[in-house]
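The next part holds the structures, each set out as structure tokens.
The same subunit A turns up in both complexes below, where it pairs with subunit B and then with subunit C.
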Partner chain A sequence: MAVTNSPQGADPGAAARPESNSWTLRLRQAIDRHLPMDHLLPDRQPYYVGSWVYVFGVVTIAALAWVIASGVVLSFMGPQWWHDSRVGHFFNSLHFWSVQLFFIFMVLHLWGQYFMAGWRSGRAATWMIGVIIFGTSILTAFTGYLSQQNFASQFIAINAKDAMNGAGIGAFFNVLNFGQMYGLHVMLLPIGITILVVAHIVMVRTRGVVKPIDPEGGARP
Partner chain B sequence: MKSMGATQEEYYRGVRMERYDLVKELVIAVVAVGVIALIGAAVLSSPDVAPVTIATWSQADPVDFVTTATGELAGSSTSAGYGAPYNSAGPGQSWGPIAPQSWFGVRIPIDSANAFVIQPLQRASFSNTTLGTALSTWQNATADQQTTWLDAYSKALVDATVSDGAVAVADGDYGPLPVMMSNLVGIAQAGGLDGLLVINGRFYQTDYTQPLLFMGDGGYLAGLADQAHLTGSLWGMMNETGQYPGQTWLWLYTMWYQVFPFNSDTGFIGVNAGNADLGIIILMTLLTVALALVPFIPFLRDIPRWIPIHRLIWRQYYAPRKGAART
Partner chain C sequence: MLRGFKLTPTQNVLKEKRMDTPATYFHWGFILISVPNLLVIAGMIVLFAIALIAPFPHAEGDDDGGNK
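== the complex of A and B ==
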């Protein structure tokens, strides 16, 4: 079949048809409407954003970047590597301290946002996703401690099984099964956290940072 | 429909905007956090205490090992009477009609006596006629006879002695148990039981449910954990070996185990130490949901307005300004 790009082949009525016929175009327009680039990467912020509390969110992301980077190296080399190699042990240490920093910064960010009532003016979903990220991070770290393949892993697994079994979770989430814990730790949970963090950041950038608490107003969403 | 972009612009209308380089801030943060993490890794390293194997357990404390194996045969070990998801021997934890442990049934079936003692011995008896005869004697004996031997042997183990790694007890009628146990100790000390307990009929395996349950039944691993200050009464789940920080973010979860009613035998409204795991998981689930729903919960969402920490955070905003309205 011949395909023509000649002017004669053009549909003269195309320009007049509603643009909404194209799903691609509609998606692009929706993104442009909801998150234009000057909102995603703004070069100006309200003057009150100069507070040090805003740094906690950024350093949490920075720590997560180091957690993921060191975790990728560890997962690439396999779970035995860091027990037998000095370089491997160093990368495990980097992962360990990045995780500790990640949690410290995340908790500071959480408390900061709480006392700023960061959920106001339509930002409740952003807060709720943040809490889900916090919970998912705890679960991810828990599977990490179970995947260490050392004495602490053994003891944590033997004790944690009672909590999991008592709540019925152990029937599906077997903390004594290294393969299951390792798979969750290096694959599914990090993907979940990354998606949630991206959604969290997009929501923050979409709405912008919340204004300071109005002494006369409330702290409703 | 009003676009979100317009909404943000409306939201900030009248607010003084200043230059702010988000990308530069992120790059500086990545570098700064990386420097701290790299220094931590280089100077402080990370914990890696070698795991306990069944071989090291049976070598270091053969009496505890044999006592545990005898308990498995007698059905008196923790795992033998656990209940779901391993077996039906115990009722599992419940709180009134809430009994999720039993709802899902036996999904990881483990017969402790067979899995930890009989089956490994059967594999080892392939070329060991003495052991094969002892096993036959055991399996052909009546349940009452087995119980009599187990009772006598368990009592004798209290005063057992160890010579060259072998466990010796006072003379008595223990049936085939001394032969079975001396073989089991021998297999374990040689490292064979570590492998036999993870055999799954396939070449590759990653599931350590059986050896961990068996070691958990014994006292050796728990004793090492006690020395390392990892036990539950010391908020164990959030601790790590050595001087390293553990899962400190679990502090609230582990705290509940230290307080009433979760540490009490009598408890309150049916919650006690016996079903503390279930009670605490339910409580933590509710608290997590409450944290997520803080924006909608009166009082909790109002605390930030009452406690003026926000005045420290936005000091510049609340500072008295001459000739300019706050926006």
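== the complex of A and C ==
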């Protein structure tokens, strides 16, 4: 990294100095080039975004925020609390129902994007990351059912083990191993989903919302 | 009830008033789904249709909003 003795804001020789080749400068220029702030935080939207169908995605994110917030409380307080106290029951229910809303609105968002062919005009990676988020969310929900610490979670684990062994993944994904399922549920999978959701949103904001399909045939350029 | 459709009550939920009893199932040919799950899917379809039809408040904006 280039070092200068000039105080910040007072660099009269900056114009004459040859351009630095430091990685920080190249990274900053790449961010400026690919992630302009007027795309990341727009104040206006195209006319075709004026539809409730476009609200499903952001409601899904809102539900995910409630899932994570209630999950943090549950993981901090523990199974005895969420099974035996009234406030624990409340947060347990908050976690469960926010997950239901997360999946419902994620599927509605999926339907909307499917019928408007949201993968057009260079948005295939955005679509595929959404597919991976959907699959990872199902795995996270499954490990959540296995982490309840009640008879239902034992019933699910005992019945699921044969399917996992039959699929050949029981050796490294052991549904009878509570520690593994709980660790996956509260740590690795939520972090993975959060990173993927951030990438998904940045990609949507960078390219903007896909244009409607031309009713006369063919996609608009 | 339509001919060919069959509801299979495993327990009378209304009488017991318990939430942990097995659900009633809807059975039509190869389709077998619990009534609660069926209601959720039906509700999602209704919500999707409303989202398509209902007017969006303050629907205005740029022609393309700078989208690529």
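Heads up, the rule we're going with is that the second predicted complex is superposed on the first by the 194 of 221 C-alpha atoms of A that agree within 3 Å, B and C clash if a C-alpha of one lies under 4 Å from a C-alpha of the other, contacts with A are read in each partner's own complex, and residues count from 1 in each chain.
The rule we apply is simple: contacts are C-beta pairs under 8 Å (C-beta built on N, C-alpha and C of every residue); 3 or more make two chains touch, one makes a residue touch a chain.
All of these numbers come straight from a predicted model, not from anything done at the bench.
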Regarding the shared-chain residue A:Leu108, is it in contact with subunit B (first), subunit C (second), both, or neither?
-> second
Per-residue touch tally on subunit A - higher for subunit B or for subunit C | B
Once the shared chain is lined up, is A:Leu188 touching subunit B (first), subunit C (second), both, or neither of them?
-> neither
Partner chain in contact with A:Phe56 - subunit B first, subunit C second, else both or neither | second
With the two complexes superposed on chain A, say which partner A:Leu94 touches: subunit B (first), subunit C (second), both, or neither.
-> first
Thinking of the overlay built on chain A, is A:Arg44 touched by subunit B (first), by subunit C (second), by both, or by neither?
-> both
Which superposed partner A:Leu25 touches (first subunit B, second subunit C, both, neither) | neither
Overlap of the subunit B and subunit C interfaces on subunit A comprises residues 39, 42, 44-47, 49-51, 53, 55, 107, 112, 121, 207-208, 211
Where on subunit B is subunit A touching in the complex?
-> 3-5, 7-8, 11-12, 15-23, 25-26, 29-30, 32-34, 36-38, 40-42, 44-52, 82, 84-85, 92-93, 100-101, 103-105, 107-108, 206-209, 212-213, 215-216, 221, 224-225, 228, 230, 232, 236-237, 240-241, 244-250, 275-278, 280-282, 288, 291-296, 301-305, 307, 309-310, 313-318
Residues of subunit C that touch subunit A when the two form their complex | 40, 44, 47-48, 50-52, 54, 56, 58-68
For the complex, which residues does subunit A have touching subunit B?
-> 33-36, 39, 41-51, 53, 55, 58-59, 61-63, 65-66, 70, 82-83, 89-98, 100-101, 103, 105, 107, 112, 114-117, 119-121, 123-124, 127-128, 131-132, 135, 138, 141-142, 145, 148-163, 165-172, 174, 176-180, 182, 206-208, 211-213, 218-221
Complex contact set, residues of subunit A against subunit C = 38-39, 42, 44-47, 49-53, 55-56, 104, 107-108, 111-112, 121-122, 207-211
